[in-house]
Amino acid sequence: MAQIEVRNLKYRYPDAKRLALDDVSCQIERGEFVGVIGRNGAGKSTFTQALLGLVPNFYHGAYGGSVTIDGQNVRESSVDELCRKVGLVFQNPFNQVTGSKLTVYEEIAFGLENFGVPPKEMRRRIDAAMELLDIAQYKDRAPFDLSGGQMQRMALAGIIVMEPEVIVMDEPTSQLDPQGSEDVFRAVDVLRAQGKTIVMVEHKIEKIAAYSDRVMLLDEGRLVAMDTPRAIFSRDDLAEHGVVAPTYTQICRQLGVRSADGLYPVTLEETRSLLGAGGRGGEVR
Amino acid sequence: MSKIDVRDLHFSYAKGPEVLKGLDFSLDGRSCALVGQNGAGKTTFVKLLKGLLRPSSGSILLDGRDIAGSSVPELARHVGLVFQNPNDQIFKNNVLDEVMFGPLQIGMGEGEARASALAALELVGLSGHEAVNPYDLGLSDRKMVSIAAILAMDTDVVIFDEPTIAQDHDGKERLARIVRDLSCQGKVVISILHDMDFVAQTFERVIAMAHGEVLLDADPRSVFSQRDVLERARLEQPTTAQLCHALGYEELFLSPQEFVDFYRSQHGSHA
Amino acid sequence: MKSISLFEEKHSFLNGLSPETKLLYVVVAIAFPALVGGTVPQLAIMLLSIALLAGSKILTKSKPIIAVSGFVLLTVVIVQTFFRGGAYTELFRIGPLVARREGFDYSLGIVLNVFNIIFAFCVFVLATKPSDMMQSMVRRGISPRLGYVFVSLFQIIPQMTEHTSTITDAQRSRGMQTEGSLGTRVRAFLPLISPVIMSSFTDTRERSIALEVRGFNSHERKTFLDEFVPSSADRPVRIALLALLTLGVAFFVLRIVGVVSWPR
């Protein structure tokens, strides 16, 4: 059985006319990195919140279908139980700052204090997470003094230390500069290598293509497709769903260059080997 | 056409280290992207342009006149700034009032302000949402409201602080059109950005900043060809440029189309 | 640091005392002089507070508080000295105004009283880390939620102030006049309050969900990153304070029944 099973999930926010999620079904395996893409309003954030049962337990509204994590129905579980297994990083880093801690280090400890983790173990985990996300230099700063991008990494660290099996992230790099974003993706890749399941909403399509195992394409609350990045970005109807393929894929599509399996490449590496092979003899580094 | 001259501009917050260490350049009709790592001093710089902060030393001249002589509300007639976070800017109960606020403040008549606001809403794709409460809109649309609110003021200088945050593909395309339109109208357009693909395909000039100094200042192709300098400033090349580099090309292309055209010319059109 | 918590870690004598002990100090500092009466105990305790603050290197931090209240108190002194009703002894005259000894003495009493209270509170507020306060509350069985609200206000309120100033900047940037006469400023400021409140509502809602997904509702016994351990002085100090309080009460009772009287 898959770790996360979503069956015919339907949800409508209170007072809303249309469904935010409309009959979404999917399975996410343990240790998988799933990228979630789609235009604004497609239901991506709602989907992330449904994985923790915040929709509908917190936001109420009309709900149908089910989400189960390791066989446990999220609707029948409390957030307190679920958050041990599923960590959620919200879109707005600012509202994830507790406001009750004087330093970044203490801020990251918040979840661990709630779980009753011994201080020594807390420090071990916090040090590791700060190292992973390259934020150790901010440890004594006041949380609200950080920039948006720094806050985003702090919020992620606050979830990582809780060591959930599944980490769900809603645009975790939106306020980061390119290098900072790359750092976060690399860090998430390390977590995946440790066996964590990753679900990440992101607009940075090249990064999603490079790092995820499978991509979910949502539009108007519906799951259009869920497949490998290459299969998703080789689709002809991406524009209809408000999404563009990675630059590499666009180039290869225009040039009609496909991989052996008939799909277009999505990463720099693959594109280079395809285009470079028939190249003009220029050195390829 | 307006022109901004930045002369040996220094700035530091009270007692803190220097944030800007002597900026010296002019901004003209070429749309200009400001790029650099978080903390490079970009936002501080645009706040100085708006008079919200005052230089520690050096000056900023708008059409030859030092802006130190104007108050923030006076400068508002000439320089518009879209804040990074729309929640910092929006305070009216409906979209139309919000967008008309600036124009009314700078002395447009009711009718003119309304016409200007409606036109701006059309540009950002929010026609028909005039009566909606901005806080009922999603973040990306709210950001568009804050952009319309500045466009409606029809200032000679328009500054954006990270306009692409939270925008999807359609939103970015729309922003690109707006930037080009403004530039065509002869306005000075300046934007802080982290999205290098967007910069490469939209702007005519790129200023790369690091640690309060200008590192590179040229057209996008020249700036993005300096891979080593960019790397040291923790910046990256646009995606197409990265591909050029990976293939060992001497030429640098900034858009997929440029690359495709070149590739075809090298390999024959059958490729 | 964006916090109205004026706390600063100095590893001082006061930092080592538990929040309860420092709170008890505040109580004793106010109650003891009131029970005993007279200005000497008041003066003595005020000097003790100042000495404690100085010893913990946080006396300078109390300056702004003293400056603000000092200004208010100065007006009290002036009003009382020149306008206090009833019979009076003339101190001196400025034109038609007569300085009255009774008013002056009375206001001096107020000044002393208020300063004593303020310095005592400074001992508590400036030397107590908000999260230590929270730990004490949680240990005493008070809900962490209440503790959280108490502690977070120190940072959320300055955050709102900051947000207000950013919004003001944004409106000035759109041509709004916010400087000038009081009328202009009030007119400019009022409409800006609503978005601050609006967004603080949404912020609070979002923040409460974010707290929840970090286990805030957990029924587990909480642990603390920095377990607060009071210094060895804590217990003797607390006992001494309680003794002083008992002494004060005893004196008060004895005075009521007329066994002792304070030499005035």
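Every chain is named by a letter (A, B and C) in the order it is written, and numbering of its residues begins at 1.
Simple rule for what comes next: a contact is a pair of C-beta atoms (placed from the backbone, for glycine too) under 8 Å apart; a residue touches a chain by one contact, two chains touch by 3 or more.
These figures come from a predicted structure and were not determined experimentally.
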Completion exercise
Among line, ring, star, complete and other, the chain touch graph is complete
Fill in the blank from the handout: In terms of CA centroids, furthest away from subunit A sits chain C
Exercise for the section: Count the C-beta pairs in contact for B-C and for A-C, then report the pair with the higher count. Expected result: A-C
Fill in the blank from the handout: Expressed in whole Å, how far the mean CA point of subunit A lies from that of subunit B is 28
Problem - subunit A and subunit C, separation of their C-alpha mean positions in angstrom - result: 45
Exercise for the section: Report the residues of subunit C in contact with subunit A in the complex, numbered from low to high. Expected result: 1-3, 5, 7, 129-131, 134, 148, 151-152, 155-156, 158-159, 203, 206-207, 209-227
Completion exercise
Seen from subunit B, its contact residues with subunit C in the complex are 50, 52, 71-73, 76-77, 80-81, 83, 87-91, 101-102, 105-107, 135, 149-150, 153
Exercise for the section: Report the residues of subunit A in contact with subunit C in the complex, numbered from low to high. Expected result: 52, 54, 58, 78-80, 83-84, 87-88, 90, 92, 94-102, 105-106, 109-119, 122-123, 142-145, 158-159, 162
Problem - In the complex, subunit A residues that touch subunit B - result: 38-41, 91, 147-150, 171, 174-182, 203, 206, 242-244, 246-248, 250-251, 254-257, 268, 271-272, 275-276, 278-280, 282-285
Exercise for the section: Write out the stretch or stretches of subunit C touching subunit B in their complex. Expected result: 163, 166-167, 169-179, 191-192, 194-195, 198-199, 202
